[in-house]
Amino acid sequence: MKYAYYPGCSLSSTGIEYDMSTKKVAKSLGIELWEIPEWNCCGASSAHLTDHLLALALPARNLAIAEAEGLDVAIPCAACYARCKATEVEVKNSQEMKKTISEVIEREYAGKTQARALLDVFVNDLGLDSISALVNKPLKDIKVASYYGCLLVRPPRLGFDDPEDPQSMDQLIKALGGTPVEWAFKTECCGAAHATTKSDVGFSMIEKILTAAKEAGADCIATACPLCMNNLDMRQSQVEAKFGKNYGLPVFYFTQLIGLALGLNPEELGVNKHFVNALGLVKKLLEAEGRRDTA
Amino acid sequence: MSEITKKIQEIAREILEKGEAEIVIGWEKGTFWYLSPPAFIDKPEDTQRLVWDEFCHNNLSKYLLDYKNHEGKVAIFVKGCDSRAFNRLLQDKQVDREKVVLIGIPCTGLKDQDKAKSLGPNGDIPKAQKCMECKYPTPLVYDYLIGGEEALNEVAATKEAPDFSDVKAVEEMTPDERYDFWTKQYDRCLRCYACRNVCPACSCRECIFDQTRIGWIGKANNSSENQFFALTRAMHVAGRCVECGECERACPMDIPIMLLNKKLIKDINELFGKYDAGIDPEGKLPLGHFDKNDPEEFM
Amino acid sequence: MKRVGVFICHCGSNIAAAVDCEKVAENAKSFPGVAFSTDYKYMCAEPGQDLIKKAIKEHKLDRIVVASCSPRMHEPTFRRCIESGGLNPYLLEMANIREHCSWVHPDDKERATFKATELVRMAVAKVLKNEPLDKSTIPITKRALVIGGGIAGIQAALDIANAGHIVDVVEKEPSIGGRMAQIDKTFPTLDCSACILTPKMVEVANHPNVNLITYSEIEKVEGYVGNFDVTIRKKARSVDMKACTGCGTCYQKCPSKVPSEFEMEMMDRKAIYTPFPQAIPNKPVIDRENCRYFKTGKCGVCQKVCPTNAVDFTQEDELVTERYGAIVVATGFDLFDESVYGEYGYGKYKDVITGLHFERLINASGPTMGKIKRPSDGKIPKNVVFIKCVGSRDEVKGKAYCSKTCCMYTAKHATLVREKIKDSNVYVFYMDVRTPGKGYDEFYTRTTDQFGAKYIRGRVSKIYEKGDKLIVRGEDTLLGRPVEVEADMVVLATAMVAKSDAAKLAQMIGFSYDQNHFYTEAHPKLAPVETHTAGVYLAGACQGPKDIPDSVAQASAAAVKVCGLLSKEEMPTEPIISAVDEAICAGCGMCVPVCPYKAIDMKVIQERVHGKTISRKVATVNSGLCQGCGACTVACRSAALNLKHFTNEQILAEVDALCL
Amino acid sequence: MSVKEIPQNWEPKILVFACNWCTYAGADLAGLSRLQYPPNIRILRVPCSGRVNPQFVIRAFQRGVDGVLVAGCHPGDCHYVTGNYFTRRRYLLMQRLLQYVGIDPERFQARWISGSEGPKFQQVVNQITEEIRAMGPNRKLRDAQ
């Protein structure tokens, strides 16, 4: 199983642990990731607000490189995925756009290569059975709130899961031995950049998600987006201060949870790089494991 | 081969002696060494005439039409292609399965009669074209099997698949070249209807080419009428041809009739999905049903 | 010698302006078989027709060609004309030299005249091979079948019965009444549904011309208009209908409790039961799957307590076959599977219910005796949210169509909540409010203005539980703002969908259905109650979402069609149908699957061959079913099948004539 | 075939098999709407496009027609419910077979034209007439006369 890998810019900065854990886990699961050489920014957030052609051309270049290699592209970041998917679909459905794009990027791109969310690849290509077969440290007694965010399963019809009530990450958590909690905020907006520009708006959005996860009885949150991670993890203490709450909810990339369940070293997965202490929960997990072992 | 001949004679004798059938249809040696015409045996002692060799081309299933009103049972030997022909007749409701005893012969392919004639008995005679493209060398339906399951597996391994390269070659010509090609072929046609008479898909009580009162076709033997015959015959066997190649073998003028049949087979597979005629006598015929999602080219 | 008369019409100047009609008439004189040819200003007018009739006599004409307008316009006129002139009406052919010639080639008289001449030559060549055809008749069985005993079926049955015809009503459930029986009140009048339905149920049950066959299903349908042979499976009730008095002792004593389908599983019924108190027939059936006696062999309480010994465990399904002249299909609808909307939490949260649940909740004989109580804890809800278009108008998750009734019944529900719970708040999330019906918009206006229901234009994105509340989040698209409502109960207006077995019944009877499995009417405007199969009519929501008035209207319309049919002893059949030449037919059966009307069967014939009698199979065309499309003629390689009036010989003659 | 070979005063002759319920009605509508098209077509009325035997088509070419159009209701709209679905199957094959024996694709065409598509009828007739006019008389499959 081989995919072109498009990490995107967040995964070499704020989301570095997403990149670390993705690579580690992919290797353990036997997925070969071929990082697109000299990949460029997908243009997320800025490009599609300013220039439609630019917004398509940027991801198209990366997709074209993968297409020449005959590979579909696995994309961890939800925003990169959304931009790449939009490009793929538009090029695939318009001869005219295909021509224009190929001229702009000076490469052939026919829309044959598919943009695939990393979660989709794990759950639907590799399959839950193959993953659970390799689990040796099940996430027993860990209650996880699967948080998909706004972009991962949208727009409807193009996505790989139900856009309103997605299930794939919940099933993955189950396959890892954990317990997905029932909650209604799976696809709620995390506020994106509002936390920076209009913090009162942004913070209240984060507060809603964290409160809902806590009330649903979650021990932690799983995510598939570096920006969601920023908001839920980095901003958590600020939200706690502002609203006088105390969540203490560690946030994981789903890849980190897979890694933990596979028994990989937490530090190699970047679990130590979070703002809200995540190692505590890991320790609890390991201790529980130890108790079970000795019992 | 002689071993199979022995088995054939034995089983035929047994069938006649036990009264399982009144007639056994097989092959015997003909006037020339490269011909093995059909034999109609009704006495146990005559079964020694039966043979099996590389020239047992005749598709015996077609002869069952001559026994439609016969009260007793008829036994016939079937190669892969004969068994597809039998299914063809079954699907066209022309034979009663209960009234036929089928003896299957796994077939490793027969030799080209025309080449045999010119190369002589010691020549290196190639396989017949139809056998080089045979997808079903083993009988699909039978009551007895010569050589048992083992032979079945052995022969199954020899199966081939037509690559339609000959059809593609014609397709690649310009329209005028194609027209010239076919005109040259069908200008030779004598309208002897031998192709029709041997064809297991041609089971009409009265062929339209014999219906002079409607006037589908004139009696004149000219290109136009010959082409009408060629195209109409092709359309009538479309989706029904079992690829036994008998039409082409029977043609005294060497017209490549299978080249038309194969074109239709290729198109049916491309347009309406994979289909081999004479495999499932219960199935739907390609021109006997439709799919709402068939290709749309007529908008 | 055949003697053809050719009549070229000028149609005033409509034809004559572009075609030299005299010349065409002159040219036609030289065509083989033409004995007389002339032109005239208006062939269809009285003098024109007289001209034809006179010529038939004077010139001993035995077949006629009229070159004029489209045969789609005047073929019937000229057929009648030559018939009164003494010829068989099918010895007519028309050449369309107006729509297909003069009107489309107004500027080139020479070529238009040439074309008209050729069209006439084709018509002459064809008419020479025309055969006289006679309309035959098929007998009509004066008995109608109504499938489905809901309001549509009841209405159709009553109308047919009142016209004096015998009608059987087959209902799958133990009682007639259908969906309307489950409904509490009806919009826009808010009269009690049972109060207007039950009298009709009683009327239909007591009608001397109506025969109710409940707890029964259609097993097989054969035949054709006027003569449908229908096999009905009467399921074993396990109760002797004649002996049972409907006293109800059995179901009072029965120990097995089963969630009641009628009460939307919010209440229990017994294993021996009637679906609801006003059921007709008011005689119970045993639900064998849930009956202790049938499961364990022990119990039999009902049998012991029955004062008339009516309980009979040994009853078996019974198959009866009856012949009918016409069929009305009124099988109704199902509700969309709302669990598809995971974000609404139906099935997860007890207080998220459907409109039909709500109907039972508010019904005086329902599980809460008409008090609106939440299913979870029985509390009276203060804040009630209604969500419309759940499954309707949603191509992604549901159905693309509008379910038509939800706007009105949601308005009704909103009104009823406000009426019954004085301090309640009602919120309705909607996409559009569609109220096309008499008094409908006035009702909706009262719901908002008088009863104060708050309508919010926008979709709901999610519902989740918070304590004992349901948080409903959505968008108010008019204000462009997200909204959040703390609700005690949420009611989903789920889409109406076709019955799950709708396609099966349509295939059995032999008519078509659409991609949503609603039955297809013969014409969306001009034949809305007919199907493509003669003698089969549609009523109610099986054809598409409908409210009660529409269903009743369609049922009466279907009944009129049935009565029209049954009022005759026999009906004429179109003679342009296929025919089999048995001498040629080889019995291969290729024609059978291509016939859209199941008009071709195989039959066995006997014949003598070489002194022996043998039997063989040949195709046979049912003249009652054949509609004359000719599909079979092309499937038949040996041309044993031929279509009358469009025979192979005729079409070949036309092709040949065109090229002379 | 080059333009030179086209004889003077030659006019193409095109046979249209039109189903009674859609295409024939569409042609009537073209007339009612006075939509002009070249007078080269001859409409032969059949109940359904499913009635058109491929043998009729070959016969027309034999007798000297320069082009043939088989036209009927759009799939799904057949007056006889399913006739045109069989037409579609049959003529998808027939069209390919005719081309295979050398008939130019323009000479045989099939189209769906509904009773409300007068303008489409006009446009299809215009197009086919022009295509065939440009190709010249058909000599393939013709009787030697």
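So that you can tell them apart, the chains are marked A, B, C and D in the order they are listed, and the count of residues begins at 1 in each.
Criterion: a residue touches a chain if its C-beta (ideal position, glycine included) is under 8 Å from a C-beta of that chain, and two chains touch if they have at least 3 such contacts.
Because the structure is a prediction, the values reported are computed rather than measured.
Participant: Could you let me know which interface, A-C or C-D, is made of more C-beta pairs in contact?
Facilitator: Of C-D and A-C, more C-beta pairs in contact link C-D.
Participant: Centroid from C-alpha atoms only, then distance chain A to chain B, rounded to Å. What do you get?
Facilitator: For chain A versus chain B, the centre distance works out to 61 Å.
Participant: Roughly how far is chain C from chain D, going centre to centre by Cα mean, in whole Å?
Facilitator: 35
Participant: For chain A versus chain C, what separation do you get between their C-alpha means, in angstrom?
Facilitator: Once rounded, the distance between the two centres reads 51 Å.
Participant: Quick one: chain A and chain D, Cα centre-to-centre, how many Å?
Facilitator: Distance between chain centres, rounded to whole Å: 58 Å.
Participant: What parts of chain A, by residue number, touch at least two of the other chains?
Facilitator: Nothing qualifies.
Participant: What residues in chain D touch two or more of the other chains?
Facilitator: 54, 59, 82, 86, 90
Participant: Two or more other chains touching the same residue: where does that happen in chain C?
Facilitator: Within chain C, residues 594, 635, 648, 652 contact more than one other chain.
Participant: Sort the chain contact graph into one of these: line, ring, star, complete or other.
Facilitator: It is other, because the touches fit no line, ring, star or complete pattern.
Participant: Can you name every chain pair that touches?
Facilitator: Between chains, contact exists in these pairs: A-C, B-C, B-D, C-D.
Participant: Which part of chain D faces chain B closely enough to touch in the complex?
Facilitator: Going by the criterion above, the answer is residues 1, 54-55, 58-59, 62, 75-76, 82, 85-86, 88-105, 109-112, 140-144.
Participant: So in the complex, which bits of chain C are touching chain B?
Facilitator: Residues of chain C touching chain B: 583-590, 593-594, 602, 609-610, 612, 614, 616-617, 635, 637-640, 648-649, 652.
Participant: Help me check something: in the complex, which residues belonging to chain C touch chain D?
Facilitator: 70-73, 96, 98-101, 103-108, 111-112, 114-115, 118-119, 122, 512, 532, 576, 594, 596, 627-631, 633-635, 643, 646, 648, 651-652, 654-656, 658-659
Participant: Any idea which chain B residues touch chain D in the complex?
Facilitator: Against chain D, chain B makes touches at 170-171, 175-183, 208, 216, 222-225, 227-228, 230-232, 234-235, 238, 260, 263-264, 267-268, 271-272, 286-287, 290, 292, 294-299.
Participant: Given the complex with chain A, which residues does chain C contribute to the contact?
Facilitator: Going by the criterion above, the answer is residues 341-343, 345, 348, 396-397, 461-464, 466, 471.
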